[in-house]
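There are structures below to look over.
Shared between the two complexes below is chain A, which pairs with chain B and chain C, respectively.
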Partner chain A sequence: MDRIQVKNPLYPLVCLGSAIALLVGGLMCAKQTVFPFFVLMVCLLYALFGLGKVTAKCFMVFIPVSIVFALFSFLLQRDLVTAVQMACRVLLIGLSAVPMVTLPAVNLTRCLTQLGCPRIIALGMLIAIRFVPVIGDEVRRVCEAMRTRSVGMSVYRAFIVPVMMRVINISETMSLSLETRAFSIGDEPTSVSERVTFRLRDGLYCVSCVLLLAGLAVAI
Partner chain B sequence: MKNAAQLKGYSFKYDEAGDYILKNCDFALKYGELCVLSGLSGEGKTTLLSSINGIIPYNIPGVQEGEILIDGQSAREMHMHERARLVGSVLQNADSQIFHSKVCDELAFGCENLNFAPGEIKGKVAEICSLLELSPSAGTKVLSGGQKQRLITGATLAMGQKILMLDEPLANLDTAGSMHLLGILRGLVCKGYAVLLVEHRLDMVIPYADRVLELENGGLVERNRDDLLYGNLKRIEGICQNRTGEETLLSAKCLGYRIKEQEILRSLDLEIFAGERVVILGENGCGKTTLLRLLAGLLRPTEGIIKHSFGVKTASKKWFKKVGYVYQEPSYQLFMPTVAEELRYAADDSWRSRCLRAFSLESLAAKHPQSLSEGQKRRVSIAAVSAGAPELLLLDEPTVGQDFENLENMVTTLNKIHEETGNTMVTITHDYRCAEALADRVIWIRDGRVFRKGDNRLIEDYFKANIEAR
Partner chain C sequence: MRFKLERFAVKDIVFLAIMAALLFLCSAVAMPLMTITLFGLRNLATAIFYGLFATIALMKVRKPGAMSLLGFFNAAILIMMSPVMFVTTASSAILAEIVSIALFKTYENNKAVTASACLMMPFSLPFTAVFSVIMNGVSFAEVLNFSWLVCLTCVGTIVLSFLGGFLGRKIGKELKKAGKLK
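Now for the complex of A and B:
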């Protein structure tokens, strides 16, 4: 996750809102000829707001995935147009998620805390976001440890047991660590060490998104 | 004057256990006192700490008897987060406790929960970073094991509670780092803090302690500080003849490894000879584990090459029959339902029984490896990898979490296996007591480079320099 974060992320709620809006807008035009222009404009928008590199990385992951989906679709339905549309939809999911994946989890937590969101939800989101790369790392380390003990993938327990134990241990230790660091789900007052603020750049991004979606609505 | 923490006739047993693990414990920790709690692995030290900070009974249920007082108040009705406002806890496994991707955010987290003002939090973060030599903007993912340990300890110190409970805070810390942390704790004690420290490295902690308690058969016994210090200052005697090999087993030329812009190893040249025992020394974060992982074929160098004479493809299944690697974190390598089967997976029956005996695991043979204490798990993982009789045995901090008796036993066993099989052993350790007993040759790493190489007399120089650097 750290590898795809940017130096200057957008305001968390703007990221969340734009991800949803662009996904919905994109799905509406996924069957239309205007779709490639929409994708191009979204990429341009991202590049203008410093998300270009992440968009490129996202394409590197999602283009192969969308091709696989398109192939499956073609094999099942024998229809090239449907397969292309399937690929577009998969690509769109990745593309619309770009602002969210560039967002440091702590910014989202702090933003939600500032807005008075219950701490359990804010922290829950932090841990959920944190847990995705943790599980990825654990799976990688367990596979590596299996190799060091000359165990093949056929010995399923050599994978399942350590992964399960590690995930259980980590989640247990995390929850204990939360409580020993005075986290509570009650109404004890908390503070935010660095406020996450809505800036002019975030406003410009919002306006650009609205204009893009308005243009799309006119086009279709 | 009220005590910081007090146990009155306290007993505890886990729900599923037949017998009490803590029996009728009486103990008072005063403000302005640093107390060390010692005892064998699995004796109940963490259980005692958990009973005070509220992990027991709120997260781990069981049967409690007697009374616990925290800052003079009965803890029975105090929930864990309420106790956390009075008691700062450093738990084991620093790696699993990090929530944030940046050091400054991690340090600020507890302070935010305690509703400190933003300015105060910034001040605390800056203070702790300078005290524990952490960079506030550093990513938490690229920290070494020792740096993560410092970070988690710092996150607790930042919260400012006057009662501190630390569970093996020196795990993975080098000598200088350990002394530095103990010095900080001693300073806090002088300011009126109360510190309860669970630690196996008694040689390190006793000079800083006011009192030493030992858990023995569930009961707390006060020990004479000086007697214990004398017993634990001993260096373990090596039983092997020092050898210098001639045939090169592994050689690295201009070895480099970097993660993004961070250079971890640079232009490193070294040779490992067949049949020798090498100890790698170096401060936290200098690249020791990365070097060991490169030698094991688990990482690919970003610069330079590693040559070997095993005659098999690096990192293949056959390679790992010849190269045994023991992880810093043992849970990754344990997967069988019992300790005995864990060893049987790698060795025939005669080797298995010998390893069980040699690593003092006979009484644990029928237990699930993942249900053991961290120190016991570490012994099982070393025994399981050693049981495969690899030609090259790579050990990443094998001595963490071992009491002196088990440490001595483990070192002797590793040396006996070395004598019998003629294997090559490469060990990373921060433990002064056993480094010499495990070394024919020493490689001292500093800032990602080989700083010095030599015979085991270099160990003395390293630890001296490490301490003087402070």
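Now for the complex of A and C:
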């Protein structure tokens, strides 16, 4: 996840709001001829706000994926229009996720803490987001161990039990580490080391999104 | 038995969050099924994993609110990709917890744990239908197009969810014997 971060990320709630708004807007026009223009405008908007490289990477991943999905859709339903719409929807999911993907998870947590969100929510969200690659590696390791021992289909005994043991061990080590650093989820006053603030750039991005969606509403 | 609210400890939150990350990885199996518009197919594919891992999570953290937190943390990862999935996952987890707590009052009983974990995926079906109607601009009749196949996916989701719950309890007992669960 760190590999797709940008130098200057947007304000977390702006990222979240724009991801939802652009996805909903895009889905509303996914079946119409205005959709390619919408995608083009969103790309331009992202490029203007420093998300151009990530958008290009997103296209490199999602264009082949959307083609595969469209092919499957065409093979299953024998309808070219449905297949194209499927490709558009898949592409849109990737495109609308760009602001959220570029957002460092710690910024989201800091923002939530600043806004007075309960610490259990902020901590849980941070761990859940950050631990996806870690747990993925653990799962891969268990799979490799299964292959080394030539274990075939014994998913229950050879896969789930070791994965669960690892997950429990990781969580125990992690909670111990948090407690030894005096982290608590009580009502004690807290400070945020680096405050995440809403800047003029975020405001401009919001206005641009609203204008884009208003234009889309007029076009539909 | 009376309903009692218990405070979550750091280790509970950490465990639930890590389990949410694991659930997210398991739910990735439903990604290729996006090409098929059959209602309930993605729920069917992920039901067994949600039943299994949610049961183990609740066997470790037997506190009211644990299921909602698990659902919320899982949904927090999904929000990065689709806000719709956030609403569906979080709402179904909260609903499953409300039903389970209303019936059993506490998670001390293993039946309450299984009920809460296994009801999550079946409860996500109505939310999926509503969002399909809203987001794709189609009617309910179109969503539930192939009637017998839809029945099959819905029943399959419920059966697989409870099968996952049963497996979860079995694994949970083994982990308990190994001293990893209370």
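Operating definition for what follows: the second predicted complex is superposed on the first by the 187 of 220 C-alpha atoms of A that agree within 3 Å, B and C clash if a C-alpha of one lies under 4 Å from a C-alpha of the other, contacts with A are read in each partner's own complex, and residues count from 1 in each chain.
The working rule: contacts are C-beta pairs under 8 Å (C-beta built on N, C-alpha and C of every residue); 3 or more make two chains touch, one makes a residue touch a chain.
Please read all numbers here as calculations on a predicted model, not as lab measurements.
Once chain A of one complex is fitted onto chain A of the other, the partner contacts of A:Ile20 are limited to chain C, with no touch recorded for chain B.
Using the contact criterion defined above for the overlaid structures, shared-chain residue A:Thr55 touches neither chain B nor chain C, since it reaches no partner. In the superposition on chain A, contact is made by A:Ser150 with chain B only, not with chain C. Within the superposed three-chain model, A:Phe69 lies in touch with chain C and out of touch with chain B [touch as defined at top].
By the document's definition of touching, both partners, chain B and chain C, reach A:Ser184.
Shared-chain residue A:Val139: touches chain C; no touch with chain B.
Shared-chain residue A:Thr102: touches no atom of chain B or chain C. When both complexes are overlaid on chain A, the residue A:Met165 reaches chain B and chain C alike. By the touch criterion defined above, A:Lys31 lies against chain C but remains apart from chain B after alignment on the C-alpha atoms of chain A. The intersection of chain A residues touching chain B with those touching chain C, taken from the two complexes, comprises 126-127, 160-161, 165, 170, 172, 174-175, 178-179, 183-184. Of all residues in chain C, only 8-11, 13-22, 24-25, 32, 34-37, 52, 56, 60, 69, 72-74, 76-77, 79-84, 135-137, 167, 171, 174-175, 178, 180-181 touch chain A in the complex they form.
Residues 1-3, 5, 104-106, 113, 126-127, 130, 141-142, 144-145, 147-152, 155, 157-162, 165-166, 169-170, 172-184, 186, 188-195 of chain A touch chain B in their complex. Per the touch definition, chain B reaches chain A in the complex via residues 53-55, 58-59, 79-81, 84-85, 88-89, 91, 93, 96-97, 99-102, 105, 108-118, 121-122, 125, 139, 141, 152, 155-156, 159, 260, 296, 298, 315, 317, 320-321, 324-325, 327, 331-336, 345-346, 370, 384-385, 388. Those residues of chain A that touch chain C in the shared complex are 16, 19-20, 23-24, 27-28, 31, 69, 72-73, 76-77, 86, 90, 93, 97, 100-101, 120-121, 123-129, 131-132, 134-136, 139, 156, 160-161, 163-165, 167-168, 170-172, 174-175, 178-179, 183-185.
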